[in-house]
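Look for chain A in each of the two complexes below; its partner is chain B in the first and chain C in the second.
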Partner chain A sequence: MSLRRLWAVAVKEINHIMRDPITLGLVILAPTVVLFVMAFAVTVNIQHVPIAVLDYDRSPTSRAFIQRMTAGDDLDLYAQVEAFEEIDALLLRGKIKAAIVVNPRFAEELLAMRSMPLLVIIDGTEPQSGAHALDHIAWRTEEFISQVLGQELEALGMPRGSLQTLDLRVRTWFNPGLKSKNDVIPGLISLVLGFPALSVALTLAREREHGTLEQLIATPVGRAELILGKMLPYIMVGLVNVILIPAIAIATFHIPFQGNYILFFLLSAIFLFAILSMGTIIGVFIHTQPAALALSFLVIFFPAFFLTGIFFPIAAMPEVMRMESLALPGTHFAIITRGIFLPGVGLEVLWPYAVMLFGLGVGFSAVAALFFHKKLA
Partner chain B sequence: MMKDDAAIIETHALTRTFKEVRALDSLDLAIAPGELFGLVGPDGAGKTTTLRLLAGLLTISDGSASVAGFDLKRQSEEIKHRVGYMAQIFSLYGELSVEENLRFFAKMYDVPDGEIERRMERLLRFAGLTDFKDRRGIHLSGGMQKKLALACTLIHEPEILLLDEPTTGVDPVSRREFWGILTELHLGGTTIVVSTPYMDEADRCSRVGLMYAGRMMRCDTPRRLRAEIQGDVVIVRHEDWRKVGHAVEEISGVLQVQTYGEALHLVVDSAEKRIPQIEEALRKEGLGAAEIRHAPARMEEAFISLIREMEAAQESSQEA
Partner chain C sequence: MIRRIWALAVKEFYHLRYDWWLPAFMLFGGVLELILVGWATSRPMTNLPLMILDDDRSAASRQVITMLENTGTFSLEALVPDEEPIREAMERGEIYAAVIIPPDFSEKMASTNQIPNLAVLLNGAESIPATAALRAVEGLAREMGQEIAVERLGIDAEEFAGFEFSVRTWFNESLSEAYYTTPAELALMLEFTVLLFAALSFSRERELGTLEQLLVMPLTSLEIIIGKSIPVVMIGFIDFSLMLTMVHFVFGVPIRGSLPLLLLLAFGYLLVELAKGMAISVFSRSQHQAFLLVMILGFVDFMFTGYAAPVESMPKFLQGVAQFIPAQHWLAILRGIMLKGADLQVLWPNLLALLLLGLAIGTFSLRYVRRALS
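And now, the complex of A and B:
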């Protein structure tokens, strides 16, 4: 293998990346944009969910309850209705996402400390805001009840401490915002850092389409020189992303980075080697850019989304899919990224994943080089 | 004919099949060192397939070949060091400059660092691209792109040049310049195999192979191919050339009528027999005297008449 030829291929490819705005945008800008769009979509707090209330009790206590319910920014009182049918109509017209029905003896049952049903209706067609509304209604109800009962206990000359602990437990349950952000964003970072795989899958197909491959394979350039020479620039661009993207994410979303950055950088390089080798295999077999693009999404990005445990836990998957997820570089890199970001673990924990990544990289690139023939047909 | 052991390119029943189609059907060819060999034939005749096979870009379906002393099947990478191949379409890197393209291919061909600058300077001068060395490939004119492509295939000083229609789509001046370069290489001893749709270019080759439907139908010097033409060419010049054209079309021995400006080129079975008949026909139409002369057949006429012959032969064999 001639390193001089390998490097010449790499320099040519770097020139192409730097001079073609589309390629440059695809490798540098796209990961950042996707990270932002998805991070906001996943971690944004749903607020001002419109609800309706039907109060059969009409007591001072029930009025206080309704007021408490809509006090914050989470729920907005769209209408206080008189009949059950009105709720139905409002839900159907999409005016409200949820409704609360306060039963006739609300205050009485509450003060008697008896079990009390509270009817909550959720618009199931929009589960996100519906679930969010339900969370808040449950939380506000607990809060209200403990407060009312606490006042009651105080009036009887008893301490209210025991009720407070109940209150705290509910809060941790229904305020998951911060926790999910710290978990989801490192996962997303591991996903978007794999984007250069798309460009590397396209680069061989592009050479075929432009006819440049015909001139290139007429030279004595070796297969491995060509394959590795084409991957090298995208690894370098990918490493620029490894510097940029975590920095942007930390500054924007205020997520903690507690591990060793040098370690993260080095393991990212191994990950890029593995996922770019995967992209190269596509480029070897698929001869047109649109087809290579479609297949990259199908083979690299959809599995990266669904099977690497970023959003859906691997433990919950069927056996076959768990096996498949092990063959995806993203699975191991997601564990590495999350580990380094939040608990801040080191190589003593992460080495098996690093070894797996390297093995996948060697395996994939060997397949690419073996199946790439210096022939047109 | 030369002896086989002297050949620098030699094929034996070389065949390439694409699915059902025999793009190249048992080619037997021997090209001597220093030849300028022209490949002609209609589109789809197998010219590109032949050149790509010889350059090691296609796998061989059947038969064998040796190029520069190496076996094409087993040693195609060794061959690539000794051959310069130029594809039919522009296949250099458009986003790289003239100089960057040259340097890239120099490295692909393992040209030593100390040599690269010297050769580049010489080739740029040779191709008349010195003033354009910083221009990107896509911004070059068609003719300049072809010359750059040629320069890139020459950077490793190959013994053999395989050029696939290097002047298609190029203006006449650039075409002439390009052939000037080829002539110099030819004089320098490089073996050149060039395919071309232009018959005047075929005329400049030392030997021409005429291909048709994947087969090599004729392979000879241009002079002898021209001599093979059935019939003669008669040029008729007359003010009212349209009427003359209609009049002579009726004569049974006139095989073809082509207009060249205000002159008519007729291909006839025999000039001696038909010229008096043509004169007779003009008199009958009251067209008066015309300038009529017997001209030597050019490559173009020879080519067309040979192709017609082959088409007719193929049709009759299909009917049988």
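And now, the complex of A and C:
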């Protein structure tokens, strides 16, 4: 392998990219926009969930209860209804996401410490709002009960503000407040850096479509040089995103960055090498761009979303999927990005993942180079 | 005219036979992905590895450990002697949570006025499974806490029905996760496949240099557009039917409303996305560009569908923007018909919005594409 020839291929590819500034702009923009959109979705605080209330009790206690439920930004009282059928109609039209029905004898039962005569109805079609309403109602209810029964509780040495007689102390490491954005957004970086891999697959397929690959083959450039030379410019483009995306994550979404930036940059380059090698395999086997697109979705994007542990924990997967996830560069890189962003760990912890990434990259590009030869014959 | 359109459509199908990957992807890739996505998103989290640090080593603490194992959420990774192994495992991302039982736990449990405590350590770098773990431990703590409270308050356990209120989940009584996720994923899959397929139609011909040939043929621009659209619409619609069948039979999601109405509206929605895709396809100079534009626009739509985050929680301005996103109305219609059994009386506002948006997008797209072709 000659570095000079590799560089020649890379320069040709760079010229090609530079000639088409719109595509170059989109190649850089696409990962950024996708990251921004998904990050925004993660950071939306669920609040202002519209609910309806049906109060059969009409006692001062029940009124105080309803007042407490709808105080604050979490739940918005859409309507105070008179009959059950109205709740039905509102849920059907999607006007409300939950409803609270206060049963008759609410105050009486509660004050006698017999039961909690309350029914909560949630819309089972939209999980997030419904679950949020339920959590909020449960929490406020507990608060309400302990306030109503405050004196009895205090006499027993229980804290007035809570009915909990078992104190659960929560300590969250690396991410105070357990904000999902703080680890999901660094994880998403491994997803959106799949875009340059797709570009490589497309350019290789494109050369075949246009019949220019034969010209390249006729030159004294070797297959490894060709594969790596094709990858190099897109690794560079990917590195622009590696600079841009953490900047957005930190500036716009206030994600803490505890680790070493240089290390992050270097490991990102290794990741790009690994994921782009996957892209070249696709480009080697597939001869048209639509097909390369389709396969990239199946092989690069969907697994990156579902099998790399960004949203779905790897430890909870069945054995077969866990093995598959180990073969994906994104799995190792997601651990690296979160490790560098949050606990701020260095190579002493991350080296096995870096080694895995490099190994996968070498393996994938070797496969690409090998089959590239056969495809020519 | 119909004969000429037909001739063009037949030519398109010939291409598809040569380029069989794309329709194959649209038909089976969509279904396959939906199985994968549905399978991954429709299960509760189980088997989360948990480390326990038991400083009490009593009958009471062992009972806590058994109860934790019985929640079904955890698999016990290790009983550790101190916090060090917990920290190391969390830094490596191997565990998401750990529970510490303090030395005085059994003592406080047995007393009449002291509050026993448990500590839970969460891995903040894996917030999603950590939150699931926290929920499970909280549920356990509430259960134990209430038992203690009932005992200490001297409430007659026979008469006491508990302070838990009753919950009913409408439209999804069995609390199936598949009900939440798969209809939304079906809706989005239809959008992305149609958009992508349509966006490649002209950009591909242009890149390969065959667009000129098409233009010199004795076809009007309208005929070209219709001829190009037929394969997209047909394959998109078959794809939707296949995915719907699968969502219904594999994931057990009901179709409570009218099936013909659902198919009709799916067809209408497909035309709206087709119009968008066609506009992208004449705007793009290459397939690469077309694809990237589809991704950018598709993901912006995705943000506003209410699947990733509820629209009513967004800032007012974005809630307004969401009203102009066809996919958002389509998802409301799809969920309405499938899960709620809604009919036109209920769905007309979404339908009207979709219709108006469709007309606006369709008119713009048609004029834009015709101008670009001539």
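What we mean here is this: the second predicted complex is superposed on the first by the 328 of 377 C-alpha atoms of A that agree within 3 Å, B and C clash if a C-alpha of one lies under 4 Å from a C-alpha of the other, contacts with A are read in each partner's own complex, and residues count from 1 in each chain.
We take it that contacts are C-beta pairs under 8 Å (C-beta built on N, C-alpha and C of every residue); 3 or more make two chains touch, one makes a residue touch a chain.
Computed from a predicted structure; not experimentally measured.
When the two structures are aligned on the shared chain, A:Asp20 is found in touch with chain B and with chain C.
In the superposition on chain A, A:Gly346 contacts neither chain B nor chain C. Of the two partner chains, chain C is the only one that A:Gly124 touches; chain B does not reach it. Put simply, more of the residues of chain A are touched by C, taking chain B and chain C as the two choices. Of the two partner chains, neither chain B nor chain C is touched by A:Pro104. When both complexes are overlaid on chain A, the residue A:Ala291 reaches chain C alone and has no touch with chain B. By the document's definition of touching, of the two partners only chain B reaches A:Lys12; chain C does not. Applying the stated contact rule after C-alpha superposition, one finds that A:His48 touches chain C and leaves chain B untouched. When the two complexes are superposed on chain A, the residues of chain A that touch both chain B and chain C are 20, 210.
Of all residues in chain A, only 2, 4-5, 8, 11-12, 15-16, 19-20, 210-221, 374-377 touch chain B in the complex they form.
The touching residues of chain C, when paired with chain A in their complex, are 19, 21-22, 24-25, 29, 32-33, 36-37, 40-41, 45-49, 87, 90-96, 112-131, 134, 137-138, 141-142, 144-146, 148-149, 152-153, 155, 159-173, 175, 177, 179-181, 183, 196, 200, 204, 207-208, 285-289, 291-293, 295-296, 299-300, 302-303, 306, 308-310, 312-314, 332, 335-336, 339-340, 342, 346. Only residues 18, 52, 55-59, 76-77, 80-81, 83, 85-87, 89-96, 100, 104-105, 107-110, 149, 152-153 of chain B touch chain A when the two sit together in their complex. Of all residues in chain A, only 20, 22-23, 26-27, 29-30, 33-34, 37-38, 40-42, 44-50, 91-94, 97, 113-116, 118-130, 134, 137-138, 141-142, 145, 152-153, 156-159, 163-176, 178-180, 182-184, 195, 198-199, 202-203, 206, 209-210, 286, 288-291, 293-295, 297-298, 302, 306-307, 309, 311-313, 315-316, 335, 338-339, 341-343, 345, 349 touch chain C in the complex they form.
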